[in-house]
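In what comes next, subunit A is part of two complexes: it sits with subunit B in the first one and with subunit C in the second one.
Up next is the complex of A and B:
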């Protein structure tokens, strides 16, 4: 049927004035439709992506009666095409005639929700969730809910998995009889034979709980939660931990102890490290959901255990949460809990055998200083920071350095500077260029906190040394670093400390270093302003136009183009223009090219 | 390619996991040096909490010295003694206890293997309990999050000195002539089998090897568990394909299945066909295909030999999942296709020849010479050649243009000469058709110019 319609358009087109509104515009549509059947996947894909154009041209009625049935038949296509189709159909409501007809989109999406490939299925479910909102309550019961039921009782696990994601979107808007059916279906899927389906159900448990009436949360959800949390497969149990957060949020405080806590306690001690990892990973959310009293009595010991877990994965996940957990402790007992229960575990983690654990801790430990205040920081935390600054693993040291701002606020960075310097110097000279690169990125931050004097005295030489690093990425980052420093310390500082050194490199025998001068000028001219640029930088650049290495010469042309806007027109006309004109006649074609480009960009022709 | 540690596998939370350490955020390259550092500790164990080792083991009398009347009692005591677990990560901890347990296990193995009449009913629950306590454990997180089974050394199980003997005992137990399935089935139940299957994810190849043999015996002797075992293997594969892409024991499980398929009754049940179409064929999409491809191809061919009517499903399935960018996988697919064609029935061949030879033509024109070469080798296979000859009228037009073009264009001389041989073969098969195609190809080419 559809074949005919695409042909008929072409026929129409050949008759002059055949249709009423724009036959010519229909021809490309016919081509698109032909492409939907093309052997080449890429062409089919392109066409699917323009599906809304096709539908718009066809009009709502033909879209419903011809295009959608045709698309429903294409469901045997490549996964890529199906994915694009599933996505398109989610935005099709207006194209089939608005909410009144939105249920026409259900058949193709239903088939897409049963395919094997997970990404396609997930996208189909996403689109179904989207269009469910556009159904009227009546249509929801007549068309949408039966679809959910069909999926929920499908033969193959794929359709049942998809169904899990659809209960929560239709539940709030259907009658109580249908609601009861939906609850029953969900319950069935929670004890499905296939672990894939149970996992899908477990991952939607929290979401479903949120739309249920509180009584049903207590009667239905809790028993499902308990069952899933003691499933035989750890992959199911760990998903129940996620649901635990939503469920605990929904219940009144007095029910938590009996309905949720036994399960949560069991999860925190699960024999599978994956489940314990999940508890550690969700710890802040759990803490907020269960409230301060349960936190004090239950979560503090649980957290201690996780910090001491036998698997490094779990310890690292818990270490990541140390700051957040401490921050959210009830204020009246916060300090006492941290000092007596948490800090001893933290101290042990500083010398953990696993570098991921230490590095996770290093990324948050500085945050404790704001919570504990000046005295405790100096007495208890500072030794830990210092120990981590000397850690054998560069990542740990970097994480400490990158979080210095927290400590700065509490005790001032000077307390650390004695230890900081050797750590920075060592990282700055690390054999791995990626480590050097990472420390460069923190230089502007450090400079801001340590102040200009400390910087000039201790760090300036490092920053200049990076400019002649043998790795290009480091030289590039060092250049950018200089720019940020100038932005921080001002043009005058630049003129006195940096610019002379940078310009001095213009006479270096290594052409790579001479080029670094040019790159620095590119980066610094704007921050340094017109005067420094014209008086100090420009002469050097112009002089380098006679360099014997062509790479330097064409970089001169590029630099002139870059700093041109900072210069006044006099300098441009009298100094820059002659040099560029000379470079434009260079023997090297690249030099010529960039010189001509600069001339035209600076409008000097 | 971030070096994120494997998070607990969960379909809904792909973002949870180790935060990427800041030094690695700099760029996406895993840092070899760091991985080296971690590989130093290549032993791992995973008993969550060791029982307090306060339980001092005292050596019991030897089984062989025991009077017959006390033999079973002593056997039982030794089984109970072997339920004590030891910490092998600390290699000097409780050496005496470890030695006592090792000796006891050795004796148990020896006794089950050699003496008759030892396995009496009351020993079954004790034996299974000892096995369960020792082998069932949550496997530890991988030491190396980007573990590549082809490149990296696997992490070995630290407690292997004991574990191996436990597995050996289990195996001898199952293989003993005294073994009574009717008694064992009360203890080797579904839950037991499920835990056994989960162990196939072990990174230690020695452990997987034992598991493979043991599961095979269980499947052979405990008939009531067969359907359940197949279903759970299905689930493991589906999870591997669609959720995690990670499971160390795929090859071993396929090897077991290879021998199971052989025993399927005819006509094939729909459960088995579904397994082929919805599990075995999609397994070809896995990234780590190379690790289990041989076993997978064997299973596929077993199915075909069992029931020729599944041929079309198989070939169309492979064509659907044909690798688009990975040439290494393409070569594997071509290898599998050759294995299939080796045993294909001529009537089935006719049903798939068109799409199949379109794909083969595409492979011949691959710029990767190994792909082109592998495809052209089909013409060295006498059976395939005979199939091609019978269907020359259909196949030659499908591949002719490609052969002609590639013979003029390919950069690799080996490919060019292989193509000449193929063209020559075709010319001898049907010179009339060959001349017609040559003529029309030239006309076509002329038109383009």
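Up next is the complex of A and C:
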């Protein structure tokens, strides 16, 4: 359809002003235009997504004079249609005649910027920001800036929130008089009556600060920032924390103490846990923004307080940042700060009453070992790891186990292995299958770090036990795990340790276990290679074609299809083919189907 | 009586301005009004019923030729908010009855409200449309198809004015978060979150996120046999985004501070009046159960309704209410029969007037009560078509509490307990009140001086 229409567009370009007359290329466009108002939202959506096709067919002038006015009035539509429209209009400049006419796109985007659905509004603002770059400086002041003003002084908060996102794109490109007006508008919105607008202003404060001249950052932005950071609404104050990061990066170091730090200190001790949570969540960014000196003097105690906060959500957010915070400490005093200030708090968190806090800590604590080095790790961190490995909450233990690689680099895993083993065994036998599943996923990693000897001695039995777990997802994961282990330890190891056990299950009275044998063979054949597959696995598979359970038989067919490419053509012709042919005449429909499928895939017919 | 009315509070004289609903005595269950709510300007009034429908009335622009006819409320939009459902897992029917309606502060030309039944909260958009697109390429406006070969040029549709159409469309559905029956929803002053309360839990939602809510209060005991108390109502403070209260079946109100912690199981204040030992009876606990709690517009006070009284609490004083108004004290001797006919479990709501100087709540026999807080004046009025002529001041009613019955008084025994006014609403600015009798809506205005 698109090719056709570009043809008609070319036709139109060659004879300007005239529509394509009577030719068949009109029909698909006519359909698209009609479907702009179809009852079916999918068809409308489809038409909106092909808006560029319609615009090309209409030509730039009719797009400007007819299509855009129509679209401006379409704001009654479903959100998904409006969202698509808002997005399309951001790429429409060429279709209305290039930058010279880009301002024609403002009316529909303006009306989209006032709808109630946030995603649509945000998309409209995004498109407006995009096309603002295509305005000439003159057009920006004649068309774009008045639109921003209209939105900023709109009756409804939806338009005022949208305005907040547009100031920063016009500010750098307008005259100083207009700049002053924009600053005034932004100031007004920062003290708007509705919390929604103040939130929008707070969330754009950082990016607006970036385009302002430094003097205005100091005179205007700081006072707005201070006001928003002490707003009566928690949801406004917490957004000011985000702005704090951008503002702090803009200011010279010597001004931070007086202009930013009082507010940041206040936020870190805010009465509302949500604001403190935000501080904890943004801690690494804040740390980088304020630099090493302030970090040492101010942020360290603040971080200690957050780690000891009375609200578990805050402690968990802070615990998540422990490693990053320590990493970014100035090198000269890093170790001393961690050992005297951070580690005592971390020790307490290990036995926190809330499991989310412990689990957040467990996901980063291992990272401290690389920062602190071997001796400190053995002396101070190891007891904490061991304590967490024994935690009652499986998630905590899992998080420790999943990060073993960091410790491995520093002290080697042997130090841990004595405690590791009981923890792994316990998780491996956890009553919740999702926990068992999670530990299986770490097995290849553990095997790599613990080495083949330790693995054979301690963990191999576990891996085999999972193969007969009563939950299918576990058996499936166990199969996949075996494959990864073979990739790690090699075919010879497989032949000696795994393959005999797997093949032994082919005689199990439980048909589910017999099927597990087949699934394992599917997974292992490639990693084990032709010889093991042909000599050891194939005979077992072929023998199982006589199984009395149809599910086993059709899985034999599937397995043969799977391992076929690994076998040589002789084995295929003499051994596999007769069996598949027999299965193809099975009484069971599914067995027949899969046997026939295997025959055709392996080209044995 | 008339002296009192003419006195301090006497400048409030009420006239029936509109009575809506069927005149038929035979009430269809689905038509029973289950909730009333003015929007923030008072321009719109929403009612919900047991049939899951919501009817929105709009105040007409004032009629200049007939100044005594103040603006009337007329139907603006009617839509089905909830349908009856069946929970197959629990073999339970879920009624479509609308338990609560709350308007969202207006954000653009459209209006939004939250409506809830026992389990599911919905966000509705009510919007106007006065233009429609015209002009197809391949068919006529009436739907007949044109011969494609006659299409020689493209037509872009054009919007043309049309008769005003009001549409209600469901925007969000907040489901699967309540095990028990939802009794309250309340929008936070941050305008982006709201709470929903059921018998044992309170959840916090974001208005734009439907698949996730946070449980902030949970009073469910580990062993349900130890259950002694349920949540009866909950509301956010009108200005402080961190504060909300919930009332209980034991007559207490707990205030929680969401800043303190994510879970608000620990309250920051508990409002409770010590029981009067001389009034203790088998029914004490039942009648002390709070059926409604409402903050004053100023945010300084809150009002609670229990079976026999309305209490006003100063948020700074937890030990006792600052004001207590008896709604129908004469029923105290009738509690036994009210227990037998289940009336004692009726959930009366209450409301404030625009400047918090008066409160209103309902009673039986289609009576409702108003209390003037400044002048300590109160009145009983009746919602009835028969006893009120249009734009005539309606006469206060009086119930004979004992002793010799005076003329114009009605004896307690002749009260009709099937006619009850559970829901009332006061216009947020003007002297306009609405009360719902079973299936009728009565709108009163004060007499214009």
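Definition applied: the second predicted complex is superposed on the first by the 583 of 605 C-alpha atoms of A that agree within 3 Å, B and C clash if a C-alpha of one lies under 4 Å from a C-alpha of the other, contacts with A are read in each partner's own complex, and residues count from 1 in each chain.
In the analysis below, a contact is a pair of C-beta atoms (placed from the backbone, for glycine too) under 8 Å apart; a residue touches a chain by one contact, two chains touch by 3 or more.
Not measured: the values here are computed from a predicted model.
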| item | value |
| --- | --- |
| Three-chain arrangement built on subunit A, subunit B and subunit C clash or fit | clash |
| Subunit B versus subunit C as contact partner of A:272, first or second or both or neither | both |
| First (subunit B), second (subunit C), both or neither touched by A:402 | first |
| Subunit B versus subunit C as contact partner of A:505, first or second or both or neither | neither |
| First, second, both or neither for A:33, with subunit B first and subunit C second | second |
| First (subunit B), second (subunit C), both or neither touched by A:205 | neither |
| Which superposed partner A:156 touches (first subunit B, second subunit C, both, neither) | both |
| Partner chain in contact with A:281 - subunit B first, subunit C second, else both or neither | first |
| Touched partner set for A:518, first subunit B, second subunit C, both or neither | neither |
| First, second, both or neither for A:70, with subunit B first and subunit C second | second |
| Shared subunit A surface residues [contacts with subunit B and with subunit C] | 116-118, 156-157, 194-196, 199, 232, 234-235, 271-274, 310-313 |
| Contacting residues of subunit A [partner subunit C, same complex] | 19, 21-22, 26-27, 29-31, 33-34, 36-37, 57-58, 62, 66-67, 69-70, 73-74, 76, 114-118, 156-159, 194-196, 199, 232-235, 270-274, 310-313 |
| Complex contact set, residues of subunit B against subunit A | 5, 7-13, 16, 18-19, 21-24, 26-27, 29, 31, 33-34, 37, 46, 48-49, 137-138, 140-141, 191, 194, 231, 235, 238-239, 242-243, 278, 282, 320 |
| Complex interface listing, subunit A residues touching subunit B | 78, 116-118, 156-157, 193-196, 199-200, 203, 232, 234-235, 238-239, 242, 271-275, 277-278, 281, 310-313, 316-317, 320, 355-356, 359-360, 363, 394-395, 398-399, 402, 432, 434-435, 437-438 |
| Interfacial residue positions of subunit C with respect to subunit A in the complex | 105-110, 112, 125, 127, 129, 131, 133, 136-139, 148-149, 151-159, 171, 189-192, 208, 239-242, 258-262 |
